[in-house]
C-alpha cells in the first residue's frame, strides 16, 4: 500500500482538572461527540468525521497534560516489526491488552521515548457506532456543532533530546521531516514530522522539562472556519493564545487557545501537500518567529513558556 | 517510508489545438509558469508551488486530448519492481530514456492500460529552477497569477474495462480506492483511486471509447478561491461546464470549465483526508448524480458526453 | 437625517400551503425565530439580527405567494407626506390600524400599485423582545441556526407596467435606481431600486400576470456562508433553482431555492455599496443572462417562468 | 432622495514622508491607481471600484498625518445649507475654488472643527476616467492588484472635545451615531458616526492632542480577503498593528498596519447594516477592549498611543 507504516496519530489521552466543565467544552464548543465512559470514569470522544471508535480520552487528574499518544499503523505485521525495531532502538515496550483501558481498541504497545512522552502503537480499532456515511453518503449526518472540528490532526510535544525523537520517528516509524528549525550550533530547535501528505502528524520543540505537551491540533475546513472559531472563542470567553494567524511553517491557518483545564488547543486549516521527495524546508532560529506566526513576525512569550 | 510506492501523478502531456491562445490561458489565467520549450515545439509548464521540473506539457495537435500521464514513484527500486509487476500484469512496457522528450526527467517506463490510456512511471526528475522557498521560506515567492492553481492534483479518465484498470492501480501501483460507484449489475461504473491522503490521484469512468480524458484537476486553497476562479471564468468568457458546486464524492468544492483547446479543467479545493484503513464509500448509479454534483442533485449531460 | 424617507422593506406577508412543514423550514433551516402567532393562525417570524418586532408573516392559503410588502419610513411626518403623495400619484390608500393584524406594528397605509402588488407604508413598530445586544454587545446572543440568515434584505416582483412602479418608488418613496435593464424598444425589462447603500431594496421584472413574487431575499455574511447554505440545501433535499453563483447586476453572491410551499428564496451576500450620485448601470436585454447569472452567462428558463 | 445630506467621506489628503516608497505601497500593495499629479507634486489616487475622480491625495511633508477630509453631500443646495449651518454652529468656513488644488473637484468649503481636524464639504466632483463599468458591466475591468481595496470607507480621528464633534456631525451633517463608548463619568470616550447603512463613515476617540488621525479604513469584500491581506502584509514585511481580528463594535473583520510613512491603514470587511431607527449600541469603557478587539478581548497599547 502506497500509504502505510505509520498511518496517523489516532488517539490521545489528556488529563483534565474538571471533567464536567471541560467535557462541556469538548462537546458543545469544540463539537466532539461523547462515545462512552470507562469504568474508572474517563470519557472517550470522537469528532463527527472520524471513523474509529474514539480519538480523545479525557482523564480527571490534579494536573493537566498528556498521558500518551497512540499511532495507528497499517497492519499487525507492521505493528510487530515496529515493536521489534522500537526495542532495538532502545526503548522498553509493554503490551496493553485489547479492550482493556481503551474501549474498542485492539492491543497497543506502549513505551517512553527520550523526550519523556509515552507513545503507543496499534493496528486494530473498532469502527465507531456513528461514523461518516459510506453508502451514497451525505457530507455529514448531523450538523456539526460549535467549532465542528473535522478530526484530530496533530500535536506538538516539548521535551529534551528531540533529535533522538526525530530519529525514532523516521527510522522506526518510517515518517519523514518536511520542515525543521536549527539553533546556531546546528542542533535541532524544532522538528515537524509526518507519515503522510499532511505537513505534520506531530512536532517536537527542544525543552528542558520532559513529557510536556504544547497543544493538540484539530482540523478545520478552511480560513473561514478559523474565523468562525475565533467568534466562538470570543463569545464563550475562552482564553486565546494567538490567532487567527498563519504559520509559514506548514502554512496552516490557525488559532491557539486553552480549554478550561488549561490544555492548549489548536484549530488548523490549510497547509501544503507534503511529499517525502520534496526538499526539506529549513529554518534558522532567528527566523522562527516569522515561521511560527507569519502575520506577527515574532514569537509571543506565552507560546514558548506555557505547556502542560 | 510511510508514504511510498506511487507518490503522485507528476506529469501530464496534453494535446492542444492552438498553442498561442491555449498557452495564454495556462499562463495568464490558470497561473502556471512556462518552464521551457522542447526542440519539437512542445511547452513545459509548472505551477508556482510545485518543486519538480514541470508538470504539464502541451503539444500542438489536430485533436485535443491526452497523450499520457506519468506517475512519480518513491525510488528506482520501487520503479523496477513496478515495471516488472506491470509486465506480469500483462502490459508491454517500453523505456523512455532520461532527458529525451521531457526535459529534466529521468528514465520513464511507458505502457498502455486496458482503458486505452498511456501511463508512465518514473522515479527521478530534476527540481525546477523556481521552486517554493526552502530556507526560511515565505508562503510564495511571487504573487500567484490569475487562478493561481497550487498544483496538478488528479485527472479523470474515460475508457472501457475500468475494473481491470482499478485492479492494476491497486495491485501493481499499490494505490487504494476510497470511493466507487457500481451499476445495478454490480459492475464498476466509476472508481476513485489514490496513493495518499488525497481522496483521489486519478479516477475512471466506464466508457465505450478508449483513451479519453474527462478533465485534469488542479488544486485550489479553499472555497473562496473557487469563487474567485468563477469570477475569472466569467470575466474571461471561458466556457464553463458546471460549478461552483461540491462533490459528495471526495467532498471537493469545484468548478469545471474548458480551456481554449477544449480540454476540460477542474479547479478543486477541500475533500476529505483519505486513509486506506477507512471504510470504502460506495455509490449506486442512481445516486451518482448527487454524488458528483451535490448541489444540483443530478448529472448534467455535458459531463457524461463531452470528453477529449 | 442623511438616511431617511423610505428606510427599508421591513415586513412581508407570504402565503404558504402547509404551515407545519413550511414553518419547520423557516425556523430550523433558514434559521428564523418564531415571534408570535395571530388569533387567525398566522405565524410571525424574525431573524436573529433584526431589531423590529417581526419581518415575515406566514399565512396558510390555497396558493403560495405574496399578500403584501411593507416599507418602514423614517417618521410619522414622512409617512403622512408619502400617503398624500401616493394618493396624488393615483393609488387608493386605506389605513390599517395599529396593532390590528400585525402584532407590534403601528398604523400602516395600504394600496395596490400598477403591477398588482399590495404595498404598505408604516413608521412605527415595536422592538422585538429578543433583539441583538445593545449594551457592550456580543456579535450574537445565541448561535444562529441553520442558514442563519441575517435579515430580510429585498424581494423581486413580477407584474405589468414596471415603469410606473419604478416611477412610484422614485417619485413618492424617494428611492433611486442603481441598475436597470431595457428591451430593444427602450422599454423597461427590469429595474433594481433602493433607498439606501444596498444595491436593491426591491426589484421589478415586466411580466404579463399581475401581483407575482419571484423571490424573497435574505442577507448572508459572505460567499463562504453561501457555500454553507448550498450544503444545507443539498442535505435537506430542498429544491434548488440556481447557484452558488454571482450576479453581475448588484454583484451579489447568491443561491435561489424553493421553500416547501413553493415560494422562491434567495440567500445573498456581497453586492456593491450603492450611492445615488454614482452613474446608473444599464443592461441590454441580450446581456441580461450574464447580468443575472454571471457564472452561467445565460438565463435559466425556471428563473423566468416560475413565480408565485 | 432617501439617502441624502452627507453621502460619504469622499476625499482624504494625507502627509507622507517618502513619496516614492509610500506611493509604491499605495499602488502596488494596497492596489490603488494613480490618477494624476498636481503641479505642486501631490499624487491623486483612487481605488478600482470608485467612480469619483480620486479619493486619496498624498502630499510630501516632514511629518505624516492628515491634512483634511472632505465629505460629499447630496447637492449644491444641501451644500449651501450645510455651510450656513456650519457657520451658525460656530466654525469659520472658507471656500476652496473648483479645480484649484484638487483636480476634478468642484468648490469645497473648509473649516476646522473642535478636535483640531480640518473638514471639507463639496457636492461636485468629476467622474474618473477609469470608472467601474456601467453598460452591461463586468464586476471589474482590470484584475484588482495586491490587496485590491474596494473603496475608501472611513477614518478614525483622535482629538479633544469629541462630544462637540459628534454634535456637529449629527446636527449639521445629519449623520447618526450607531455606536458609542462612555467613560465612567458619562463623557464620551469614543463615537462611531455614519450617514448611511455603513456602521461608520468616521469615528472619534477623545484625545488630548488635536488634529490626529488614527487610521484610514479601506473596504474589502470579506473575511477571506482579510486573510489574503494578512499574507501580503507578511510577505511585504509591512509593520502590522493588530489582526486579522474582528471588532464587536461595527462587527467589522479587520487588520491594522502602517504604510511606509507611518500612517495607519485599516482594511475592513463585514460590519452590520446600520439604520438610524435601530437602537444605539452603547459601550462602557471597561468593555471597550472587547468592543475594539473582539478576539483579543483587550486593547493593545499601540492602538491607543500611536497616531499621526
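All chains are identified by letter, namely A, B, C and D, in their written order; residue positions are counted from 1 within each chain.
The working rule: contacts are C-beta pairs under 8 Å (C-beta built on N, C-alpha and C of every residue); 3 or more make two chains touch, one makes a residue touch a chain.
Since the structure is predicted, the reported quantities are computational estimates derived from the model, not experimental observations.
Here subunit A and subunit D face each other with the same set of residues for the most part; over half of the interface numbers are shared between them. Counting C-beta pairs in contact across C-D and across B-D gives the higher total for C-D. Centre-to-centre, using mean CA coordinates, subunit B is 47 Å away from subunit D.
Distance from the subunit A centre to the subunit D centre is 44 Å, each centre being the mean of its Cα atoms.
Centre-to-centre separation of subunit C and subunit D, using mean CA positions: 31 Å.
Annotation for subunit A: residues 138-139, 222-224, 231, 234, 246, 248, 290, 294 touch two or more other chains. Looking at the complex, you find that subunit D touches subunit C at residues 1-8, 49, 51, 72, 74, 127, 131-139, 150-151, 173-176, 194-198, 219, 221-224, 246, 248, 251, 269-270, 272-273, 275-284, 287, 290-291, 294. The touching residues of subunit C, counted against subunit B in their complex, run 223-224, 227, 230-231, 233-234, 237, 240, 243-246, 248, 253, 290, 294-297.
Put simply, subunit A touches subunit C in their complex at residues 138-140, 143, 146, 222, 224, 231, 234-235.
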